[in-house]
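You will see chain A twice below: alongside chain B first, and alongside chain C after that.
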Partner chain A sequence: MREWNRLGLNKAERMERGAALAQGKVVPPARIGELLAQVIESGDRVCIEGNNQKQADFLASALAGLDPAVVNDLHIVQSVLALPSHLDVFETGVASRLDFSFSGQQSARLARLLSAGQLRIGAIHTYLELFGRYFTDLTPRVSLVCAAAADAQGNLYTGGNTEDTPVIVEATAFRRGIVIAQVNEIVDHVPRVDIPGDWVDFVVQSPRPHYIEPLFTRDPAQISEIQVLMAMMAIKGIYAEYGVKRLNHGIGFDTAAIELLLPTYAESLGLRGKIATHWALNPHPALIPAIEAGFVESVHSFGSELGMEEYIRARPDVFFTGPDGSMRSNRALSQTAGLYACDMFIGSTLQIDLQGNSSTATLGRVSGFGGAPNMGSDARGRRHGTETWLRAGREAGTGTMPRGRKLVVQMVETFREHMAPAFVEKLDAWELAETAGLDLPPVMIYGDDVTHILTEEGIANLLLCQNEQEREQAIRGVAGYTPVGLARDKAMVENLRDRGVIRRPADLGVDPRDATRDLLAARSMKDLVHASGGLYDPPARFRSW
Partner chain B sequence: MERLEFEFAGGKPVAARNKPVLAGVLGSGNLEVLVEPADLKGRVRVEVETAARGFGPIWQAVLTDVFERWKLGNIRISINDAGATPAVVALRLDQALQEYAGGDA
Partner chain C sequence: MSSWSEATARQRIAGLLDAGSFIEFLPPERRAVSPHLRELGQPAAFDDGVAVGRGTLDGQTVLIAAQEGAFMGGAVGEVHGAKITGLLERARTERPAAVLLLLESGGVRLHEANAGLIAVSEIMRAVLALRAAGVPVIVLNGGRYGVFGGMGITTCLCDTLIMSEEARLGLSGPEVIETTMGVEEFDAADRALVWRVTGGKNRTILGEATLVADSIDAFRAALVAAMQPKPLTLETLEAEHATLGNRLDRFGDMEDAVDIWAAMGIDNPQRLPLLDTDAFLQAVKGAGA
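Our next item is the complex of A and B:
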C-alpha cells in the first residue's frame, strides 16, 4: 500500500531528533548548530530568510558553521544574498545549489565562486517568480526565518519588516517542512501575531538583534541639479501628462528627486491630488515632505526602513499598520500591487541598448534583480481600466482590440560616474550570461515593456514609435553625447521631435536653468527630520550633526 | 590632467563692459567656469583643464551645441573640470553665459 504522508512522517522523525535540544519550541542559542544538524538532512532545499532588508543573520552563520561531512549538498532557495555567510555555505561545501533573486553586495564573490565551480545556479528570479516556485517545485524543506519577537508558543511578531516571512513560512509549514525563527527577544505576549505559532516549529533568541540594511534612504544633499532637471521633466512630461496616480518608484537619487519635487514643483503646477496619490513603495524618507504636503493618500510597502518607525506609527491613514501601531509590510503582496495595480513604474538603470532593453548587470558581478522586473513589466493579465493605463494603451495602438498599457519609465543620465555611457550597442549582460553559464542574459526590464526613456536631453516615448528603426532613433535621440547618441540620424530625430515622440525640456516648458537644488523640498537629512516633525530618526551613518 | 583648447566663430560680440562671471564649484563631478571679455576679433575661445583624459571629441560636441544656442563673440571661457558629465558642463555654461550676457544677448 502506498504511503501518502511521507513528508509528514519524515518531519516527525526530524522533530523527534530536534526536540531533545529545545524546551518546547524554544532552543537555547548555544545549541542552534546542533539543532540544525539534527533537523536538516543532506540534499534538503533550505530557505534562509535573506530579505532586501532584515536578515536571519544568526541562523545563516549557524548554517555556514555546520560540518559538511554531516550536512552537505543543500539547495539554497533564497530571495536575497546579502551577507558573507550566505555564500560561506557554498565555500564550506554545506550547500551546492542556489536559486535566488538578488545578490547585491555579494555579487562579485558570487561570480568568483561560480567560476570556481563551487556552486550551480538554477536561475535568477524576480521576487514573485521565486515566491511562486516556493509553492511549486522549490518548496523549502527547512526555512530559517527572522522576526522581532516570539512567545513560547512560537507566535511571531515581525515588526515593520515583515517582508518575505509570510510567504516563506506559508510555503514551508503547509508542506510539512520545518520552520525555525530567530528573534530579537522572547516575550510573554507578542504585540501582534504576524505568523501564528502553530506554523512555527522552533524559536531561538539571537545574541544580537538581527541586521537590517537602510536600503532606501537617500541623502537629499547628494541630489544633483541634473537630477532636479530630470525630475521636473518627469513630473511635467509624464506624471501630469498621463495623470499618474498609482505608482512605484525605483531606488536611487533620480526618483528621490521626484519625491522631493512634489511639494514644490508639482504643487506649483497644481498637481496635488491629481498625481502620485497611491504608492507601492518602501517608506522612503524622501517621501516625507510630499506626505506632509497632502500629496499621498496611501503607501503599501515591501519592507520598512530604519528610522521611519515612529513617523509611520504617527501616520496610520497613509501607511498599512497593525492594531499595535507598527507597520506591516509584505514583499509578495506589495510586488503584486506593483505588478497589477500600479499604472507606472519609474526607475534608474545602468545600461540601455538600442532596443530599449535595460540592465543593471555588469561584468564580474552576478547581481540579479530586485523588484524592478515585476513592477517594470506590463501585466498582461490586467483587466481593470484607469485613465492612465487606457491612454498609454491607446498610444501603443496595437490591433483592433482595445487594451491598456502600464507606463514603464527608465530614467537615466546619459553618462554615469566616471563617464560610463548609459547607452550601449550591446549590454554587458550578454557577456555575463556567457561567462556565468546563465540560460539568458540577465535583462532587468525588456525593451518591449519600456514605454519611456527619460534623460537630461529629453523624453523618448517608445509607445509612439511605429517600427524598430524609429524606436532606435528615438533612443539615440535622447542618448546625449554618448557614442550611441552621437551616431543618431539627425533628420529622423528632428522628425520624431516634431511628432512629439521625442520631447526636449524646452518642448515641455522646462528651462534647465530653473533646475536648482532650491526646488528640493528637503536639501539635507536634517530637513527630512524637520519635515517629519522630529519623528524620523535617521541611522547614525546619515547624521552629520 | 589634460589641457584642451577650442575656438568657435562666435556671433554678436558682447560689450566689453560686461563683468567676468564665475559659475560652479571645483568639486568632484562638477566644474568651474570663468567667462570674461576678450578682444578675439569676434571669436570665442575655450580653454579646458580636465581631470579626465581622452574626451576631446565629446568636449567639442558639447561646446559646439552650446555656441549654437549662444551666438556670442569676444569672450574667453576658462573651464576647470573635475569630471563633470556633459549634462553638467552644458548646464553650467548655460548658467554662466546667461548671467554674462544679461539682457545683452
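Our next item is the complex of A and C:
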C-alpha cells in the first residue's frame, strides 16, 4: 500500500530532531546553526527570504556557516540575491543550484561563480513566475523568512515590509515544509498578525535588526533639466493623451521627475484627477508632493521604504495600512496589480535595440530583473476595458476582435553615463547569455510589448507603426546623435513625424526652454520633508542637515 | 532661477546686481585659461572658473567676483587667483562701496600645486590690504560645494559673511578629515553630521555668519543691509582672539555641533536642522558663543 503522507512523516522526523534545540518554537540565537543542520537535509530546496528591501540576513549567514560535509547540494529558490552570504553558500558547497529573479549588488560575483562552475542556474525568473513555481514544482522544503516581531506562538508581524513573506510561507507551510523566521524582537503580543503562528515552526531573535535597503529614494537635487524636459513630454504626450489613471513607475530619476512635476506642470494643464490617480508603487518619497496636492487616490506597495513609516501611517486613505496603522505591503499581489490592473508601465533601461527590446544586462554581470518584466508586459488575458487600454488597442489595430493594449513606455536619454549610447544594434544580453550559458538572452522588456519610446528627442509611438521597417525607423528617429540615430532614413523619419508616429517636443507644444528645475515640486530632500509636514524621515545618507 | 545654490556664477551676479549693470573684466572671450591644466591634458574653462567685474547694487558701485563650482569645484588655480587678486587691488584705487566675493571653492587647485598655493596667499594679502584701506569685503557663500581650504581662511579674513544653511564653511573638507584622522574623528558619509558642523546654521549660531534662505533675493536683501566696513584695529583683533579662545575653552572637547547648541542653552537643539530660516533665527535668538 502506498504511503500518502511521506512529506508529513519526513517533516515530523525533522521537527523531532529540531525540537531539542528550541523552547517551544523559540530557538536561542546561539543554536541557530545546529537547528539548521538538524532540520535541513542534503538536496533540499531552500528559500532564503531575500527581498528587494528586507533581508533574512542572520539566517542567511547561519546557512552559509553550515558544514558542507553534513549539508550539501541544496537548491536555493529565492527572489533577490542581495547579500554576500547569499552567494557564500555556493562557494562553500552547501548549495549547488539556484533559481532567482534579481541579483543587484551580487551580479558580478554571481557571474564569476557561474563561470567557475560552482553553481547551476535553473532560470532567471520574473517575480510572478518564481512565486508561481513555489506553488508548482519549486516548492521550498525549508524556508528562512524575516519579520519585525514574533510572539511565543510564532505569530509574525512584518511591519511595512511584508514583501515576499506571505507567498513564501504559504507555499512552504501547506506542503509540510518547515518555516523558520528571524525576528528583530520577541514580544508578548504582536501589533498585528501578518502570518498566523501555526504556519511557522521556529522563531529566532536576530542579534541585529534585519537589514533594509532604501532602494526607492531619489534625491531631487540630482534631477537634471533634460529629465525635467522628458517628464514634461511624458505628461503631455502620454499621460494626458491617453488619460492614464492606473499605473506603475520604475525606479530612477526619470520617473521621479514625473512624480515631482505632477503638482506643478500637470496641475497647470488641468490634469489633477484625470491622470495618475491609482498606483502600484513602492512608497517613493518623490510622490509626497503629488499626494499632498491631491493627485493620488491610492497606492498599493510591493514593499515599504525606510523613512516613510510615519508619513504612511498618517495617510491611511492613500496607502494600504493595517489596524495598527503601519503599512501592509505584498510583492506578489502588487505585481499582480501591476501586470493586470495597471494601464501603463513607464521606466528606464540601459540598452534598447532596433526591435525595441530593452535590457539592463551588461557583460560580466548576471543581474536578473526586478519588477519590470511583469509590469512592463501586455497581459494577454486581460479583458476589462478602460479608455486608456482600449485606445491603445485601437491604435495597435489588430484584427476584427476589439482588444486593448497596455501602455509600456521606455524612457531613456539617448546617451547614458560615460557617453554610452542607449540605442544599440545588438544588446549585450546576447553575449552575456552565451558566456553565462543561459537559455535566453536576459531581455527585461520584449520589443513587442513596448508601445512608446521616449527620449529628449521625442516620443516614438510604436503602436502606430505598420511594419518592422517603420518600427525600426521610429526608434532610430528618437535615437538622436547615437550611431543608431545617425543611421536613420531621413525621409522615412520625416514621414513618420508627419503621421504623428514620432512627436518632437515642439509637436507636443513643449518648449525645452521651459524645462527648468524650478518646475520640480521639490528640489531637495529637505523640500520633501517639508512637503510631508515633517513626517518623512530620510536616512542619514540622504540628508544635508 | 531663484535658488542661489542651483544658479551658475554668472546667474548669481545677474540676479544680485542692478539689471544690466555688470561689466566683466577678462571675460571668457579673452580666453584667460590655465596654462597648467593644458600641460596635464585636463579640460580648461575660458574664464578659469571665476567671473570678475564691476556693477551697481542699489545704485552703488561694487566690484564683484563669482567662483563657478561646476568647474573643478571652484578650485583656485594661478589665473583664477590672479583675477581675484587683481580685482581686490583695483578696489584700492577705485574705492567702490564694497567688494563682493561670491565664493564656492574646495580651495587650492591641487593640479597647480605651488602656483595655486601662492595665488591663494596673494588673495589673502590683498583682502587685508583692502580692509586696511577701509573698503568692505563681503563674502556670499551659498553654493553646493561650500567654501573650504584656503578660501575658507580667506572668508574669515573678510568683513562680513552671508551664508545659506545649504552652504558649508570649513578649513579641511569632511573627506580630508576622515582620510587623515580616521572615520572615528569625522564620518564624511554622515551628511547630517557634516552639515550640522560645517553648515550655515552652525556658523550663524557661532556668530560667524548672517543666515539667509537659499534664494538670490534673500542674499541681495541681506547684502544691502551689510555694506559697512568693520573696523580692523589692534583692539578689534585682540577682542576677536579673546572670543575665539573662550569658544575653544567652552566647546573644544565637544563631538558634535548639537552638543554646542545644548551647552549654549538652546532649547531642544535637535530640532534646529529642520527649521526653515525664519523659524531657526527665532529659535536661536539670544544664544551666544
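Note that the second predicted complex is superposed on the first by the 545 of 545 C-alpha atoms of A that agree within 3 Å, B and C clash if a C-alpha of one lies under 4 Å from a C-alpha of the other, contacts with A are read in each partner's own complex, and residues count from 1 in each chain.
One rule holds for everything that comes next: a contact is a pair of C-beta atoms (placed from the backbone, for glycine too) under 8 Å apart; a residue touches a chain by one contact, two chains touch by 3 or more.
Just so you know, these numbers come straight off a predicted model, no measurement behind them.
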Between chain B (first) and chain C (second), which, if any, makes contact with A:R380: first, second, both or neither? neither
Is A:R208 in contact with chain B, with chain C, with both, or with neither (first, second, both, neither)? neither
Now for A:W545: first (chain B), second (chain C), both, or neither, which partner does it touch? second
Applying the document's definition of touch, where does A:R2 land relative to chain B and chain C: first, second, both, or neither? neither
Which partner does A:S224 contact after superposing on A: first (chain B), second (chain C), both, neither? first
Classify the contacts of A:R517 with the two partner chains as first (chain B alone), second (chain C alone), both, or neither. second
With touch defined as at the start, can you tell me which chain C residues reach chain A in the complex? 1-3, 6, 144, 165-166, 189-196, 199, 273-274, 276
Chain A - residues contacting chain C, complex: 221, 516-518, 523-524, 526, 529-530, 534, 540-545
Taking the touch rule as given, give the residues of chain B at its contact with chain A in the complex, in rising order. 29, 52, 55, 58, 61-62, 83, 85-88, 90-91, 94-95, 98
Which stretch or stretches of chain A touch chain B in the complex? 224-226, 229, 413-415, 417-419, 456-457, 480-481, 486, 512-513, 515
